[in-house]
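Shared chain: chain A. Partners: chain B in the first complex, chain C in the second.
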Partner chain A sequence: MTLISIEFLLFFAIIVCIYYIIAHRFRWILLLGASYVFYATLSIQFIPLLLASTAFTYFTGIIIERQETKKQKKKVMLAGISVLLFFLGWFKYFNFVNDSLREIAKFMGLNYSVPYQEIVLPLAISFYTFQAVSYLVDIYYGKQKAERHYGYFSIYFAFFPQLVAGPIERAKKLLPQFKVEQSLNYENLTCGMKRIAWGFFKKTLIADRLAPIVSSVFDSPNPTGSQIVLATILFSIQLFADFSACSDIAIGCARMLGIKLTENFKQPHFAVSIADFWSRWHITLSTWLRDYIFVPLCKGKKKRSEIYFAIVITFLVSGIWHGAAWTFVLWGLIHGFYRVFGDYTKNSREKMVSFIQLDRSPVLHRWVKIAITFLLVCFSRVFFRSDSITQAFENAKLFLTISSWRPSGIIKAFEIFSLLDLVIFILFFIIVQLFQYIERKNGSTWEWLSQRSIIARFSFYIFIIVSVLIFGVSGNGFVYGGF
Partner chain B sequence: MMKNIEKYRNAFIAVLDLEEDDVSEDLALGVTREWDSIGHMTLISEMEDVFDVSIDSEWITEFNSYMSGIEILKRLGVDFD
Partner chain C sequence: MGRLFIKLTIVATIVLLLFLPVNNFVKHSYDYNINHEMLAFKKDPYPVDIINLGASHSMYGYYFKPTGLSHLDLALPSQTIEYDFKLLKEYGKYLKPGGIVIVSISQITFANSETKNIGNYYKVLDRTEIEPFRLMDYYSYLYLPGTNSGSFNSALSDKLKNFKWNSHQPWANNGKNYSGRKYERVEAQYREAVESNNIERNVKQLREIVDYCSEKGYRVILTMEPVHQSYQEYFNEEVMNRLVFQYLEALNLDVPFLNYMRDQRFADNKDYFIDADHLNREGRKMFSWIVYKDLKELGYL
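Right, the complex of A and B next:
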């Protein structure tokens, strides 16, 4: 039962009905049961791991709090984090490290006998491990009290709307919301339903329609340079539609239960710099990395070069978190380099902008920055999307070749679409862009819509639903569900 | 003995490479070229050293102006009176 399915919608509708019928004191049992049922339908074999990680984190939190001294608390916290990271490392990175060591041994002519292991990645392990780590660190710093109610704590660990691919929440924000009695609220229900519908719209009409087209290029043995350029740009659109749709559905479902999750996206492809991009893309991961990796690394650092080093390490962790492959490591390092290079050249770039008088037209200047940032992000995604490091470098070379950008070549590359697919994609892409344009101008498109006539509003809602039913396609889950 | 407010001002001057006159109550993160997001982290490290405090990540974000910095340090027990 994936988030994009009739089964899930029926399942969720039943949960919402029961949630508001039963007394508040029983709701945690319902949410916990629903979370485990949902997880079991996707990955039943890893339920024991989820249960063990929950129990381990719960008791470690209490033990940290019970320690007398800061030093003792730190010891317990570090031990707890090590165990959690060991599980993550074992399931996610064992074969990556194993394969890398084998290659190094082969290169050096040494004998390496550890065989490849068939290890299946437990669903959502990267997400719930990060939530667990932040929980333990926050207890250590005294920002979070160790939760004593095992039921509420377990929901924090496995809350089904956001379990598969976030948003990555902090206990401080989520736990109190579970404990407050949520009454049936018209606004929560309608806002939630709209977000879910919009998520389905982006996922089934943009992301999953683009996925096979993008794959046809990246899986092709001999793609042309223009095809790589076009497929990479399309992949960026696909990835945003896919992941933001997943967040929309999670936020919408939680909202219908009266729980507000953190927004994960703020139109990242309209960022004016790489720093700005990371304040708009996967926001809950960015803030997690900032709070638990970057800020601790910056402690005591007073030179810009030392901060640069912390930035690169943080992006390296981000890359490794995304996937156990050198392509993700390089993707992370590329972003680290972008961020450092951007800062280092800030003054000279400002001088250049002034010299060519681009700063005299702020709107044009802004759009130039948006275009450059988007292309830099696209380039990094060549590595994110490629299946191997060799393929990534070949694709990157094609992406950077000037002839790949010839308009005639790009137009020809559109042949990767069938005519029907192209028309459908353009239509729905324009609708998403209009939605985002209204959001940029008015803050919230839903609020803007609420001020329109009832006919206009319901026409739009019906259009979303009918479009999904007629033109929507559903692929194999979410891209970030694989992390 | 140097007052805390002087230590505070000196931290800005030393870390962000500002002139004495540049440090005023209007100073804010992102307003001057020197106090950018990278300079901010070096400034936080300097403040932690000078006042022997630990500023957590939430307050690092909140520390976005000369005046808000004083408020945060006061919360951490630094006396500016």
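Right, the complex of A and C next:
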């Protein structure tokens, strides 16, 4: 049962109905049961791991709190985090490290005998491990009290709308919401339904329609440069549509239960710098990395070089978190380099903008910055999308070749679509862009829409549902579900 | 909450009213009814002289009616050899004693392991034969095919046959563009099959089909349908050896193999083809006569 399925919608509708029928004191049982059932339908073999991680984090949190000195608390916290990271490392990074060591040994002519292990990555382990780590660190710093109610704590760990691919929530935001009695609220229900519908729209009409087109280029043994350029741009659109749709569905589902999750995206492809991009893309991961990696690394550091080092390390962790492959490591390093370079050259870039008088036209200046940021992000995604490091470098070379950007070549590259698919994609892409445009102008498209006539509103809702029903493509999981 | 309920009812009703014609459109499309001959046969079966299995090459390859043979076409687009076998087990009982089973071999026979249009089999096979069987998919395919974007796309593409890039037209660049694209697809499929060890499974399945036929007293013949010259350029001897013949030879089957792939009577003549690898009505008729005569020569008829 994936998020994008009729089964999930039926399952969720039943949960919502029961949730508002039963008394508040029983709701945690319902949510916990639903979360484990949902997880079991996707990955039943890793239910024990989820249960063990939950129990371990629960008791570690209490033990940290019971320690009397800061030093003792720190010891317990570090031990707890080590165990959680050991699980993550074993399942996610064992073969990556193993393969890398084997390659190094081969290069150096040494004998390396540890064989490849068939290890299946437990679903959502990266997400719930990060939530667990933040929980333990927050208890250590005194920002969060150790939760004593095992049921509520378990829901925080496995809350089904956001279990698969986030948003990565903090305990202090989520736990109190589970405890508050939520009454049946018209606004919560309608807002939630709209978010879910919009998530389905983006996922089935943009992301999953683009997925096979992008794959056809990246899986091709000899793509042209223009095809790589186009496919990389399309992949950026696909990735945003895919991941933001997943967040929309999670946020919408939670909202229907009266729980507000953190927004994870703010139109990242309209960012004016890489720093701005990371404040708009996967916001809950960015803030997690900021609070639990970057800030501790910067503690007591004043030199610019030390801060830059911390930035690079933070992005390296981000890359490794995304996937156990050198392509992700490089992707993280590229973003680290972007951030450092952007900060280091800030003054000189401002002078240059002033020199060429671009700042006299703020709108043009803004769009130039948006375009440059988008292209830099796209370039990094060549590494994100490529299957191997060799392929990534070949694709990156093609992406950077000037002839790959010839308009005639790019137009020709559109033939990776069938003409019919292209027309359908453009239609829905325009709708998404219009939606985002209204959001940029008015803050919320849904609010803007609520001020329109009932016919306009209903037409839009019906358009979304009919489009998903007829043109929606499903069957692929979420890209971030694999992390 | 009453207000919400009324609104949801209005939205659902309008969605339904808009959706019904689309559903109807898909239900009556060519692709959705591509198994109509099998369905008609299932409803009103009769003894047959010859059955052909295989994918689209085979489906567009045979028309034995003018020869006087009673014929059942069990080939469907992208059909895996696994489903060839399932269909044979289901419908083989209608073969006359000593009846012939044509097992069509194509470029994808050993590489193809994923059943793309599982819905095609919902009505022609028993549920237990369909893997994976999902109840929701089953009912939505039967009653709400408009919700299946693949079926809708096929139906729409069928109506807008000429709405294609010039370079995507079947005979653009004398069929080379089509053949090139197909070659890339088959190569990708083959690479995936090698990586996931699906080839061995398909090879084994072919052996099982032949053994099953021998056990049941059916006479088997392997065939390969003719393709256009442009297709042959991509699928040359070396490529075909890698994709097909190395596995076929290793099987060492004791059945005749009629390979018409490079048959010169077809290779240069576009009039016999829909596109570079599928015969049209004329081609089908002519090819079936050729097969009929060769079967006679072999003593099968």
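As a working rule, the second predicted complex is superposed on the first by the 483 of 483 C-alpha atoms of A that agree within 3 Å, B and C clash if a C-alpha of one lies under 4 Å from a C-alpha of the other, contacts with A are read in each partner's own complex, and residues count from 1 in each chain.
Methods note: contacts are C-beta pairs under 8 Å (C-beta built on N, C-alpha and C of every residue); 3 or more make two chains touch, one makes a residue touch a chain.
Computed from a prediction, not measured in an experiment: that's the story for all the values here.
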{"item": "Partner chain in contact with A:358 - chain B first, chain C second, else both or neither", "value": "neither"}
{"item": "Chain B versus chain C as contact partner of A:347, first or second or both or neither", "value": "first"}
{"item": "Partner chain in contact with A:375 - chain B first, chain C second, else both or neither", "value": "neither"}
{"item": "First (chain B), second (chain C), both or neither touched by A:389", "value": "neither"}
{"item": "First (chain B), second (chain C), both or neither touched by A:49", "value": "neither"}
{"item": "Which superposed partner A:275 touches (first chain B, second chain C, both, neither)", "value": "first"}
{"item": "Partner chain in contact with A:301 - chain B first, chain C second, else both or neither", "value": "first"}
{"item": "Between chain B and chain C, more extensive residue contact with chain A", "value": "C"}
{"item": "Touching partner for A:458 - first (chain B), second (chain C), both, neither", "value": "second"}
{"item": "Touching residues (chain side chain A, partner chain C) in the complex", "value": "5-7, 184, 186, 189-190, 204, 219-221, 415, 418-421, 458, 461-462, 465-466, 469-474"}
{"item": "Chain A to chain B touching residues, read off their complex", "value": "141, 143, 275, 290-291, 295, 298-304, 306-308, 310, 343, 346-347"}
{"item": "Chain C residues touching chain A - in the complex, by the definition given at the top", "value": "1, 3-4, 7, 10-11, 14-15, 18-19, 22, 136, 140, 146-147, 149-150, 152-153, 156-157, 160, 163-165, 167-168, 184, 187-188"}
{"item": "Contact set on chain B toward chain A in their complex", "value": "15, 33, 36-39, 41-42, 44-46, 48-49, 56-58, 60"}
